[in-house]
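Next come the structures, one after another.
Same chain, two partners: subunit A is paired with subunit B first, then with subunit C.
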Partner chain A sequence: MLGLTLQILVDSLLLGGVYTLMAVGLSLAFGVTRIINFAHGDIVMYGAYAAFFAFVGLNVDPLLSLLLVAALGGIGGYLLFKLTLDRIIESAGINQVLLTFGIGLVLQNVAVILWTGDERSTTPSYAFDSWFLTDDVIVAKGRLIAFILAAVFVVLLLAWLRWSELGRATRAVSQNRAAASLMGINVRAMYALSFGLSSALGTATGAIMSFLLPITPFMGFPILVKAFAIIILGGLDSVIGTVIGAFFLATAETTIGYLVPQGIGWAEGVAFFLLVLVLIARPTGILGTVGREA
Partner chain B sequence: MKLFRSCLIAASLLVPAVLANSTAQAEDVIKIGAPVEISGKFVSYGAAAKRGIEMAVDIYGGKVANKKIEVLYRDLQSDPQATVNSFTQLLVEEKVNFLIGPIATPMTMAGLPAWRRTKALWVVPGATTPLLEEEAGKEPMLFHTFPYAYYYHRALARSLKEKLGPGKTVAIIYSDDAYGREHLPYAQKYFTEEGFKIVAEELVRAGATDLNPVLAKIRRVKPDILLGLVQTTDGILLTKQVYVQRLNIPYLVGTAYPQLKQWQDATAEAQEGWVGVTTYINGMKAKADPKYPKLFMDSDAWVAEFTKRYNRVPEFIDVGAYVSTCMLLIAIENAGGVDDKEKVAAELKKLDVQTMIGRGHFEPSLGGTLNQAFADVVVHQRVKGADAILYPKDFETADKFEQASYAK
Partner chain C sequence: MIWKRTGAILAVGLVAAFVLPHFLPPGLSDWVTRLATLILIAVSWNMMANAGLISLGHSGFWGLGAYSAALLANAFHIPFWLSIVPAILLGGIFGAFLAYITGRLRGLFFAISTLATSEALRVVALMVPKLTSGAEGVFVYDQLRPDRITMTTFSLCLTAVAVAVSYLLLRSRYQYALRAMRDSESAAQMLGVNPARFRIGVTTLSGAMAACAGVISVWYTGYLDPGSAFDLKVTISAQIAPLFGGLYTIVGPVIGSIAVMALSELTRLYFNYSGGVGLLVYGGVLVFGVLAMPRGLVGLWERWTKRASKEPSLAAGAK
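Entry: the complex of A and B
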């Protein structure tokens, strides 16, 4: 029983790390711009492809290519914002939803044209390695790496938001864009910056997913759905809330998967049911503020 | 006025001539509808089907009974609604009497109601679902040229029993989508019939990110064989996580995915020992058909020809679409090049050829499809990065299943 409990704990933590990666970029972009980026899953997918081609073509490990992939993702996200979203930032929310949804579809179809629908994956040695804590308790090395990187990303992001000039400006825009503007902060530049940063986190996540999950042009949508659920649960505009939401969902799914017969088939449904219960009790999510302002 | 009258007379003389010419041209063309998945989720299937059809028409010479073969490709976009539209357009507007495709089960099922409007001669070189059999198996115009799901499990159970002996236990993982749920009863039936004891049946969500809870449950029952009834994307995740978890199950068995290069590339060392089923795998040796040696060549010659054209090694759908198209073209030729589905169907039924994937001959399937060809499947195993063929006897290149290797 102790072994089972320990394995549930380990798997919940590691899955929580993966879920945090999927959601944190989406949360950041929404927190600042108030735009739900429906193309976020496809940005993750492009990161995964970039890491894959670096691995296969240049023999560069995904953990090494991650920084470059993130930088390219950041530049791409910044440009995407400037060229598209910036023009409709004051429009009705539905226009922004439709635009990001459309961008996602375009990105997906371009990927199909460029790389076909074939499944791919990077295959570094750590993706196949694991440690036995006891006879029954196993830690997959690839997932542990993802967990550590998720922790690093979140800490760096929080540190940036708290202590850097730009980070503080970003938080100011997030809290009250009118006041931030009156204080001389270039609101639109902050939007573009946070969208770029969100895309950088998305593509970095893709690089990590490249050795955990099969890469296809269609991998983005399930990631988006999961990330969306997590940020709703955690509170749409809170990075810490996103982390809590990710671990809540991961723990619920894993526990149900282990303890309920045919549980992994039920896990997602039950986890989403719990999400609904949490939202009934706390409509803004665990740490969110969106909705309170309105 | 005179000029107008002259023009009118000239036009009245010309129009029938032009019409007669265009009718003659239309009569000189045999149109074949090819609704295939050229984009979307099943693009790899559709692309392979298109290659096979193209190559068959080309090697046939582009003409049948002196009539130009015109293949009308329609992209189903891997989408049921687009499939309905494409079928309707081909059957009602283009009025094709012959159809070949699609490959994926959901697309075939989506096209079925539209097909019923004209019931053209329909060659289906894919779709493993016995639902197709239930819905349309008794239709005389349906020609299914790919094994149904139950043939997979019959061959797997037989070959494993034959090579491993009696008394072995099996754990089954199946996905909660149509694929997994449809395969499960056939796996249960044939493995039980061959004397295997099923000690676990575990459901997984299609597209899940974590299979560890299921694998932990299976570890506890210590089966001899793990059978994974999932599609390729989930097959990659399953293969990797089974390896990472060091399950120590000696025999790992999949369905169609272990034959796919994309699965092999994505799973690297974790693929070692996995067993799969297919209709064709590289290394299968078949002699040329004595009557049609240019179409159904010696398997090595055909692979060389395909590789030269497409700069890649053929996979099972490439070959399946190729032989299915060739058989349709021969039947049209034998029927005298008529655009008449009844006559061509009669010729297709008579055909008996030796192809790269075995005997090409239509007969009733186990489940009652009137016209079924290529029901035999090959069981193969990934050993040291290559394929060993273990079933049927005619194609065998190894005489025993290797145990899966788990690193250190």
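Entry: the complex of A and C
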């Protein structure tokens, strides 16, 4: 029994790391631009494909190619924002939903046409390795790496937001657009920057997912809805809230997966049930400050 | 006046529904059935959008309608036309429920919660195989399935009713309340409109309509599984047609559906069902539509006719 409890704890913790990765980029972009990016899952998917081709074609480990992938993702996200979202930033929310939704569809189906629906994955040695913590508690090495990277990303992001000039400007825009603008901050530029950063985080996440999940053009959507659930659980504009939401969801899913009969199947739905429940019971999330009027 | 026009729309639609299918070649008749289904769901989506409710969960209504029809038809051998009754009830009740529980949510948050409920329904359908046969899916009892002509008539009838209802709603005095809600629910409330009432009313109607579309599709294909019943593609086509035709208008969803269907036939002709191209085109239409023609084909038409009527006077003024 102790073994099982420990295993659930370990699995929840590691899955929480994976989920933090999925959601943190989405949360950053929303916090600043107030746009929910429905294409975020597909951006993650492109990161995974980039890491896959680097691994297969050039024999580069996903953890190494991650930096380049993130840089490319950042530039791509920045351009994407400048070309599309920047032009409708002031218009009604419905246009932003439909636009990012459409961008997601385009990205996904370009991937279908280019690379078909076949499942792929990168296979570095650590992807299949695991340690035995005790006799019956297993730690999957791939997930542990994801967990550590998630922690690194979150710490870097928080430090950047807290101490750098641009980070402070980003937070100012997130708190109050008009006031930030009056302080001489170029609000539009901050939008594009945070969107680019969010995409960089998304593609980096993809590179990490490339050895954890099967890579297909359709992997983005489940990641997207999980990320939605997480940032709504945690509070949309708070990075720490996102982390808490991620671990909350991971714990709920893992526990149900282990303890409920047929739990693995039901665990898939936990995110949606929690999401609806939270939206009804505490619309600002655990740590968020945004009202639900957006 | 409104009632007369609604009656006229309904009459024309129903006559067309009963006469037209007899003169259509089989391929075209199938196409009309699919078109009618798309119009139905597009009108339903547009009605909610009109009140500022962005639905990303239309596949939820669709799936509920389809499952209720298929399961009841199999269990009690009810005829196809009767199966819309449980579907309408279930879709409507679920719509009311959804609108009630999300009462405090606006815009984006409403959209995400509809997406979540529809995905939750898919998981439930998958995990309760005793009721839905789970991932294996359900085959509709074959002898109950109507023939091709009846199928087309059936779908056109439902669509005619839906269009008439939406006309009635969007031309009645309630349209002002809905439009006010779209701009700001709190402001509408201040003006004495009770947003909760309208929100629940519109979502109930819209849910019932989308459930009907699900019923048509299940009788048309004869098979249903959780993946296809709660498919995101339904939601995508429900939003793309109104956007393409013209959001918040009455003819918009209808014209948009025809255009989208024509477009998807064309891509099918040129790319031969190769995976991805169809949805890629849909995505492209969404992006292009939002960026370049946010008021859709109706907006383009209005601009064009306005320019045409202005030009003579300009020319006269120049002299």
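Note that in this section the second predicted complex is superposed on the first by the 277 of 294 C-alpha atoms of A that agree within 3 Å, B and C clash if a C-alpha of one lies under 4 Å from a C-alpha of the other, contacts with A are read in each partner's own complex, and residues count from 1 in each chain.
Please note the rule applied: a contact is a pair of C-beta atoms (placed from the backbone, for glycine too) under 8 Å apart; a residue touches a chain by one contact, two chains touch by 3 or more.
Model, not experiment: these values are computed from the prediction.
Chemist: Please indicate which partner A:G184 is in contact with in the superposed arrangement: first for subunit B, second for subunit C, both, or neither.
Modeler: Once the two structures are laid over each other on A, A:G184 reaches no partner at all.
Chemist: What is the contact status of A:E268 with respect to subunit B (first) and subunit C (second): first, second, both, or neither?
Modeler: Both partners, subunit B and subunit C.
Chemist: Would you check which partner chain A:G57 touches, where first means subunit B only, second means subunit C only, and both and neither mean what they say?
Modeler: Neither partner.
Chemist: Could you say whether A:S91 touches subunit B, subunit C, both of them, or neither, answering first, second, both or neither?
Modeler: second
Chemist: Just checking: does A:G117 make contact with subunit B only, subunit C only, both, or neither of them? Give me first, second, both or neither.
Modeler: It touches subunit B and subunit C both.
Chemist: One more residue to check, A:E253. First (subunit B), second (subunit C), both or neither?
Modeler: In the superposition, A:E253 contacts subunit B only.
Chemist: Can A:G102 be said to touch subunit B (first), subunit C (second), both, or neither?
Modeler: second
Chemist: Show me the subunit A residues, by the header's touch rule, that subunit B contacts in one structure and subunit C contacts in the other.
Modeler: Common to the two interfaces on subunit A: residues 109, 112-113, 116-117, 262, 265, 268.
Chemist: Spell out the part of subunit A that touches subunit C in their complex, as residue ranges.
Modeler: So the residues of subunit A in touch with subunit C come to 36, 84, 87-88, 91, 93-95, 97-99, 101-113, 116-117, 217, 221, 225, 228-229, 232, 262, 265-266, 268-269, 271-273, 275-276, 279-280, 283, 292-294.
Chemist: Per the contact definition, I'd like the list of subunit B residues that touch subunit A in the complex.
Modeler: For subunit B paired with subunit A, touching residues are 39-44, 47, 78, 176, 202-205, 207-214, 216-217, 232-233, 236-237, 240-241, 243-246, 262-263, 265-270, 407.
Chemist: Mind listing the subunit A positions that touch subunit B in their complex?
Modeler: My answer: residues 4, 7, 11, 15, 18, 109, 112-113, 116-121, 123, 127-130, 132, 136, 138, 140-142, 212-214, 216, 218, 222, 226, 253-254, 257-258, 262-265, 267-268.
Chemist: Residues of subunit C touching subunit A in their complex?
Modeler: Within the complex, subunit C touches subunit A at residues 49, 52, 54, 56, 101-102, 104-109, 111-113, 115-117, 119-120, 123-124, 126-127, 186, 232, 236, 239, 243, 247, 274-277, 279-280, 282-287, 289-291, 294.
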